[in-house]
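Report on the following structure.
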Amino acid sequence: MIRRLVTGITFSLVAALPALAIEGAREVFPAPGPQAGRLVIHGATDLETMRPLILDFQQVATGVTVEFVDYVTNDLYRQAEKACAGEAESGDILLSSAVDQLVRLANDGCAQPHRSAETLTVADWANWRDEVFGFTFEPVVFVYDKRAVPVEDVPKSHEDLADLLRLKPTVYSGRIGTYDIEASGVGYLLAFYDARHAPTAYGRLIEGLSRIDTVTRCCNSEVLGEIASGRVRLAYNVLGSYAYRAASENPDLGIVVPNDYALVLSRGAMIPKDAEHPQIGKEFMNYLLSPRGREVARQKAFFFDDGKPLPPGVEGPEALMESGVGRPIRIGPALLAAQDESQRSSFIANWKHLVSGE
Amino acid sequence: MALLLGLGAAALITAAWFYARTAADEAYDRLLLGAAFQMSENLTVQDGVIKFDLPASAFELLGLADSDRIFYRVVTPDGKTLTGYNDLDTGVDLTAHQSQPVIGNSTYRGVDLRHVTVSRVLTQKSGVVWAHVIVAQTLESRRALAAELTTRATILVAIMCLLALAGSAIAVRYSLHPVDRLGRVLARREPQDLTPLDLDVPRELTPFVDSINRFITRLSERMTLMQRYIADSAHQIRTPLTALNAQVSLIDDEKLAPADRRHMERVRRRASELSRFTNQLLNHAMVIHRFDSVQLAPVKLNDVARKAFRAAVPMTVDPDLVVSFEASPEELMVTGDELSLREAIVNIIDNALRHGAKGRLDVKVGRDGDNGFVEVSDDGPGIPPEEWGNVVKRFYSSRSEDQVSGLGFAIAAEVALALNGRIGFREKTEERPFAIHIALPLIEGGQA
Amino acid sequence: MRIFLVEDTHDVGEAICRRFQQAGHTVDWETDGQAASDILSFTEYDLVVLDVMLPGRDGFSILKKMRQSGSGVPVLILTARSEIDDRVGALDLGADDYLVKPFDFRELEARARVLLRRRAGGEATNLITCGDVVLDLSNRSVTVGRREVQLKRREMALLEILASRPGKVFSKEELLDRLFGFDEEVGENAVELYVGRLRKKLEGATARIVTQRGIGYQLVADGA
């Protein structure tokens, strides 16, 4: 089941592209200067989030026309697999929050390495083989509706959340939202890591969720939309960046970085081996990893950054990484375990069985 | 040396490369095996169905080789791929049970792999079956590790080579130092010095020095024998020669026929020549022998020269010849052997008397800077400069057939050389007569 | 004069004897060292000519004994030994002169003559000076300035006569008498010959032999 994300984005389909049946929104950012090149981004990342980065990149590379094609993570993966096998057109750079999928692609030989002054600044845990780079720093947070969740109920940790579900199942039944991990690659990844990092807490949480009617959605934005609409009071495993953007538009949303542990996802970027314009892809990669790109990301796109304090209004531990609370999802071969088909299917089956009662 | 080091270094580096490859393989094979075992542990049978729970820790283990790609495949007893890369084939027979993990190399998707196959025995209703776990890893980390180890070994080898070169250069220099010293000692040696070397040398050089000493001793003995032979021969000649002279002197020329008288005169002259030559031969042997045995001592040059003058000028010298001796006003001291030195001067004067002086012969002792000299000048024709180098050779005949200078100058020159002095000649000019001198360094302070 | 010869080589001894006898000397010849030593202990000679290598007793030993017993007889050593050290030894032991075999017999005669004369003339130290010419009568040497000039016996005698009275003119006849005596027959021009030689040997001196034509010769110091 593929649910297509359709947001209010201008369609700018130049031609009918039947092969790309799974692609989502596509937007072209014409070069501000005389066009000298074209960059095709395949992104499993909100276009709105990427927009300021793309625009700022074009300030640097004025001759580059950027074409952004939006996918859900799983679609992006499938598209890339096909491209790798030569069955589909390849993007010049892939951006995805489901870094396990990018790692799998790289492991399967679908990436080309890239080394530059900028890639050298990337933390060890966010670089695999110089092929997959993490270019963001996104703690995974709880988001709650300030209007509906009393202060004493606001969970500060995963334990708190499990307790809340155990103590007040009736109050929160149908009011807790999270990813549908079958539909969302990143949802699956986060759940998988929850299970690995804190098996006990995860078990209790799943047990709690199994008792109530949990709302699952394909994507962050939908989950957040449910909170805004008042249907869902609390959402867990929301990427901090989306949460913060939503909260900045809706003051009723509260954000908590759990203080027992907080997964930190670094959104991945990869140059496919068959990229048509790999040089421009690499240029864009350098931009994302550069201090300028990071600064724009911190202010307009992802709001969190490694080594910087949490953005205002976010509850949580002060120094995320230093305190040991932040658990970065290491971009590396261990992610292949998450990508294993049998693993994935049994994990999802188990999860659905418990959470959705299917 | 450098070639040897180079070959040695090449061998070492090659060995280091093999070793590094083996070490890297061993290290990473353990990761591979560990991961494979972990994975095979997670194969279970639930309700007759084979279940597999892929442990992330296995990948974390493999992830220690952080730049390598990982491929794996879990194969059920019926040959089906449970999970993983179903086209991953390592050539291992998956229909049989492997009691030991099989490790090997293969190529998959165009890249070189190191793979391990582990069998896991499972119990099903149908009986005992086995499943296989294949884990493979690219070789980048191994190669990087091997390269790094080899590089380090190479650097070490290079450093060792440099140290060895420097060390052996120093060692060679150091160990050759005694040889240098030995060489210098030999070079400094006086030609007449045939005493054994008395020199502290390392044990390794002792046979060498002993050989030299044996040679010197043999040479010395040989020379002593030869000198003794000459001396003895000369001595044996002396007595009959004296008798010959005596008999000749008794012949009354007046009673001889004119022709016989002429023959008699020749006999006399030849007998006298023979006498003189015998003396020279004897004295030469004596002088050489003395420098081997006699300790040099300060000598008063005036005294020696005066004695030589008296000895050299016979009573029977031509009365028309003006012969004079002029001593130095200051006392001049030289290091020498009085007898040898006197003999040297005697021979110079003797030569001047016989071959040079027509009307005048002057002997003068004087000082020239740091040297004292005895100069013998005569009003004869002198010796032309081109002959100066030759007349000091033994038995060199400078002038006509019968005027053999014999050993006279040779004795003088050898004595001068032995005493660090020299024989010098002065060309005849309008103003000054021809002169020969023997010059010797004065003892520090010059005068006594 | 009486000369004692100790020499074991027969024909050499014979020749020496003959030469000395021809010169008018009396020669006693002994071939055995011990016998010679014994003879010397009770017989006085004017000159002893001594060979070193002797049967019975060697020459050095004989010489040593002579000197120890206080004999001042001039001794001339003849040596055939292969080292000149002998000469030194001989002189140290009190020999007056030596000759190394083989020697020139005229030289032997000349040296013997000197030794005999010295014995006859005594040992008086006497210096005669005229200008820068110094005549040492004791060792019969003549110095001109710093140069020691070798003079023959007659030249020495001539100089001695002239220098004894510098400035005095000696007639040719007087000089002839004093130089040769009456028994020797010499030519008229013998004096002129010796004067000529002496003049040559005094060349460069500040004293000269001046010829007073028709009268004779005188020794004159420059500036005197």
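What to note about this one:
Chains here go by letter, A, B and C, matching the order in which they are written, and residues are numbered from 1 within each.
Heads up, the rule we're going with is that a contact is a pair of C-beta atoms (placed from the backbone, for glycine too) under 8 Å apart; a residue touches a chain by one contact, two chains touch by 3 or more.
In this text, all values refer to a predicted model and were calculated from it rather than measured experimentally.
In terms of the stated touch criterion, subunit A and subunit B have no partners in common. Of all chains, A has its CA centroid at the greatest distance from the CA centroid of subunit B.
The interface carrying the most C-beta pairs in contact is the one between chains B-C.
Averaging the CA coordinates per chain and comparing them to the mean over all protein CA atoms picks out B as nearest. With each centre defined as the average position of its C-alpha atoms, the distance from subunit A to subunit B rounds to 81 Å. For this pair, subunit B with subunit C, the centres built from the Cα atoms lie 63 Å apart. Centre-to-centre, using mean CA coordinates, subunit A is 141 Å away from subunit C.
Multi-chain contact residues of subunit C (touching two or more other chains) are absent. Those residues of subunit A that touch subunit B in the shared complex are 106-109, 128-129, 196, 330, 332-338, 340-343, 346. Note for the complex: subunit B touches subunit A at residues 51-56, 58-60, 62-63, 66-71, 74, 82-84, 109-111. If you check the complex, the residues on subunit C that touch subunit B are 9, 11-12, 14-16, 18-19, 80-85, 88, 100-107, 110-111, 113-114, 144-150, 152, 155, 197, 200-201, 203. The residues of subunit B lying in touch with subunit C in their complex are 231-232, 234-235, 238-239, 241-247, 249-250, 271-272, 274-275, 278-279, 282-283, 285-286, 306, 309, 313-317, 319-320, 322-327, 329, 339, 343, 359, 362.
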